[in-house]
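Given below, in the form of structure tokens, are the structures.
Consider the two complexes below, in which chain A is the common component and chain B and chain C are the respective partners.
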Partner chain A sequence: MFRLSPLRLGTLALLLAAATGAAFASGFAGLEMLTEILILAILVIALDMVAGFGGMVSLCHGALMGAGAYAFAMAGLSLGLPVWAAMLFAVLFTGAVGWIVGAICAGSQGIYFIMVTLAFGQMGYSFVFESPIFGGDDGLAGLARPDLSALGIDLNTSRAFALYCLAALVLVVLAAAQILRSGLGRALVGIRDNERRMRALGLTVWRTKAHLFGLSGMIAGVAGVLAAQHVMYISPGLLAWTVSGEALVVVILGGLGTFVGPIVGAVAFVVLRHEVSAITPYWHLVVGLILIAVVMSRANGIFGFVEDRLSRMSARRAARAAAPRGEPHDA
Partner chain B sequence: MDFGFWLFQTLNALQLSMLLFLLSVGLTVIFGLMHFVNLAHGALYAVGAYVAATVAGTVGYWAGLITAPLVVAELGLLLYWLLIRRMRQSGPMAQVLVTFGLIFVLLDLTRIVWGDIALGIEVPQALAGRIEIGGVTYPVYRLFIIALGAAIFAALALVLARTQIGAMIRAGVDNDKMAACLGINVERLFLAVFCVGCGLAGLAGAVAAPILSVTPDMGLQILIPTLIVVVIGGLGSLWGAMAGSLIFGFVQTFGAVLLPGLASVLIYALLAAVLILRPAGMFPARG
Partner chain C sequence: MLEVRHLDKRFGPIHVTRDVSLRLEPGERRVILGPNGAGKTTLFNLLAGELAPDAGAILLGGRDITAAPVAERARQGLARSYQKNTLFDALSVAENLGLAAAVATGAARSILRDCLAMPEVRETVREVAARLHLSPHLDATVSAVSYGVRRQLEVGLALATRPRVILLDEPTSGIGPEMAHGFHHMLASLPRELTLLIVEHDMDLAFDVADRITVLNYGEVVFDGAPEEARNSAMLKDIYLGSWENA
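Then we have the complex of A and B:
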């Protein structure tokens, strides 16, 4: 069951403080990196919701993010909606797409689920790639950031934009925690642990899965809108399956189903990529080896490993404290 | 759109199908026999193409065609001892992730060894040029690919249906625990099948090298079509791999000509439909 333990809350607070500090202290390059981390963190929270808590390992979250970005672009460029309305439209649209994909895939298990979501993701990619209205291979340019000048904030500076993304991440974390704590979220964890039992209890399993996938899609849509506003340009590459694969790598690196872990993973991934790319052009070799090592070590990512160690330590301490009373015949 | 057009496109579709068959047959039998998902299969194909290109450049095309499968099979053996042996008991997600990591590693290793520049190799003298069949002129080399794919299919079908090792593989796919109880060393059988599958991926790379340019990401590009073939056909089945390859080849080729812009969407829609209506594929190996 989902619980915000003191360790998780503490890590979240620490991450928030670090991000706020970084937003005010760093220069342009640091701010770009921070923004990248924040957007990736939103995407992997969405993925962890379904993969970690629902057991639905999705390889289409990159495509969902891309759908959000394209929906935002099309709503602004073709429908002429104002920026805020376009953002709302994009998030709702991605949620609807996620719901449909989740409803269709709800019956598939294990490797088949991975394959179907991969197929849907690639379908979206080819559709966008081959349709001239989406600009095809060239992508779409000229996307707008929201105008916050009424509040005295100019979002066209990278510092303001990083803080804006941070605010979005905080909202997403609160929303995701609320969803996972609700009856729906508990039902999802129940399905992950024992689908037949949940069905016997009278739950409509496919509907729960579809709802959660839709909510996760909305969060992925938020990441897509922010990604589109960040570079102010989008291309079909956003929807490629390798983006979904990388998101899954980040979740695994941080700790699947730990809620906070994926955010830690996003920080580690972006920083690592930045540092390794500075030394060698073969960054994928390094991340591939790390991924293999993490999966083969059977630890649940960085955060999962720490959490596991700490809980084992406190269990040992509790056992030691209870020991004198536990051995009465020794005295 | 006369007869020549249809014949020409049919030959194109067959050639694509046979290339995909060489790749998917190894993947599907590995999958069916041991429930192991090897996403790095496409990367092995790229390695095969590079080995073939290198050997063809120094010794000759035919030497490359023979060397590539052997080198890639050796590589498969190495991967088996280092990684896959330990991953056998893990869930599908761990396997997907480890082999996904392997894609990254192999991709960069090929870039380190061969560089980023696309390599090309010449079609051998004996297979160069075009011949006329049924009113269309068609490159001989592409006909060679079709013949090679068909020959490999026939050989595999014969081995699976008529030999003792074929019977053991079928028993392993059908029920590996029972097969092990009957005294079949399923693990060694898997190793053999895995190496042959990897070798076929290398062969596919060598065969594809003269018609596609050899680049580090060719493995990534072919992976998704191969997975689609395997899933449409049904996991673990030789006939399924052939059927899936033919379906993919024909839908892709004729879709591109008759419904441009919708061809790939058509393929993915077909895949989604198959997965929803017949989750085990069209010709699953187990009943």
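Then we have the complex of A and C:
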């Protein structure tokens, strides 16, 4: 069941403080890296909601993020909607796409679920790649960032944009926590643990899965909008299955179903990519080796490992305190 | 309350349910007996909707639910427990009961509120836990409680949905005689308006709890009558090789 333990809350507070500090202290390169982390964190929170808490391992979240980016671009460029309206449209559109994908995939499980979501992702990628209205391989340029000049904020600076992404991440974290703590979120965890019993209790399982996939899609849509605004240009590459695969790697690296872990994973992944790629072009090899080590260690990612260690330590401390004085006890 | 008309089911060449008809009145406690392989669990799976019959009809409160999916039957008031524990092992006993109550009340559909904190859900958890003597274990994780407690919780999940009819599949399987006796007492003390259909091997339970006994053999009903009639039936003694001489 979803819980915001003191460790999770403390880690979130630490990450928030670190991100705020980095936003004010970093130069251009640091701010670009921070923005990349923040957008990836939003995407992996969306993925962790369905994969970690719902057992629905999706390989189409990259495509959902891409759908959000393209919906934002088309709403602004073709429909002429103002930026905020285009953002809202994009998030709702991605939520609707996510709901439909979730509803269709709800009947399949395990490897079949992964394959069906991969197929949806590839369909989206091919459609965007082949369609001239989406700019084909060339993509779409000239995307706008919101105008906050009335508040004295120029979002065209890297610092302001990083802080804007941080604010979005904070809102996403609050929304995701609320969803996972709600009746719908509790039902999702019940489905993950025992789908047959949830059905026998009277739950319409496919609908619950579809709702959660839709909400997760909305969050992926937010990541897509921010990604589009970040570089002010989008291409079909955003929808590629490798984006979904990378997001899944980040979730596993950080800790599947730990809520905070995927954010930690996003930090580790982006920092590793930047630092290791400066030394060698084979940075994928290094990340791959680290992922293998994490999986082989049977720890639930970086954050899962820390959580497990701390809970064992506190259990040992409690056992020591409960043991009568002078009596030996097992470690 | 629950009516089964000429239910039939085959798995390939094996005829597991043969023209079974039953009629349970509101508040009735019916026990289904039968040797291993008699088709008792298959009948339960047909009633709960986990299997589709080849022929026949199932009516709940006069409404035909033969084609209704599992969840719809549960929402209509048909709850079930399983022969093999089917619980949420990683959750606490209270969370298990709360989840069941939340699904039944519709609280599990809320996106704004924590269903486990809702007063109606908490009240159901408290009430069911008290009835099944689960109150001392509410905070314990299911994987950490004894097998007997898990069997009680198995029934508790069904009860927490506030059903009209409960199908109990061998509720005392695997527990000791003392605990089984407590189980009989608990089942007998359930609200009288609740209709119970129980598959059981334990003859004591059958004679303690049942208003009526139905016996299945090779998928068909071979006896349907009062417990005393069953006790004196020579045919049933043959089926069970005299095993209820001790009952």
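Everything below uses one rule, namely that the second predicted complex is superposed on the first by the 324 of 331 C-alpha atoms of A that agree within 3 Å, B and C clash if a C-alpha of one lies under 4 Å from a C-alpha of the other, contacts with A are read in each partner's own complex, and residues count from 1 in each chain.
Note that a contact is a pair of C-beta atoms (placed from the backbone, for glycine too) under 8 Å apart; a residue touches a chain by one contact, two chains touch by 3 or more.
Being a predicted model, the structure only gives us computed values, none of them experimental.
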{"item": "Joint occupancy of chain A by chain B and chain C, clash or fit", "value": "fit"}
{"item": "Touching partner for A:Asn194 - first (chain B), second (chain C), both, neither", "value": "second"}
{"item": "Which superposed partner A:Met296 touches (first chain B, second chain C, both, neither)", "value": "first"}
{"item": "Chain A residues touched - chain C or chain B, whichever exceeds", "value": "B"}
{"item": "Which of chain B and chain C A:Gly80 touches, first, second, both or neither", "value": "neither"}
{"item": "Partner chain(s) touched by A:Gly110 [first = chain B, second = chain C, both, neither]", "value": "first"}
{"item": "Which of chain B and chain C A:Thr242 touches, first, second, both or neither", "value": "first"}
{"item": "First (chain B), second (chain C), both or neither touched by A:Ser131", "value": "first"}
{"item": "Contacts of A:Gly142 with chain B and chain C, given as first, second, both or neither", "value": "neither"}
{"item": "Minimum Cα separation, chain C to chain B, after superposition on A (Å)", "value": "12"}
{"item": "Complex contacts: residues of chain A adjacent to chain B", "value": "57, 104, 107-108, 110-112, 114-116, 118-120, 122-123, 126-127, 129-131, 241-242, 245, 248-249, 252, 282-285, 287-292, 295-296"}
{"item": "Contact footprint of chain C on chain A as seen in their complex", "value": "1, 178-179, 181-184, 186-187, 189-190, 193-194, 196-205, 208, 211, 215"}
{"item": "Complex interface listing, chain C residues touching chain A", "value": "48, 50, 69-72, 74-75, 79-80, 86-91, 95, 98-100, 102-104, 107-116, 118, 157, 161"}
{"item": "Sites on chain B touched by chain A in the complex", "value": "35, 37, 83, 86-87, 90-94, 96-98, 100-105, 107-109, 111-112, 220, 224, 227-228, 231, 261-265, 268-269, 271-272, 275-276, 279"}
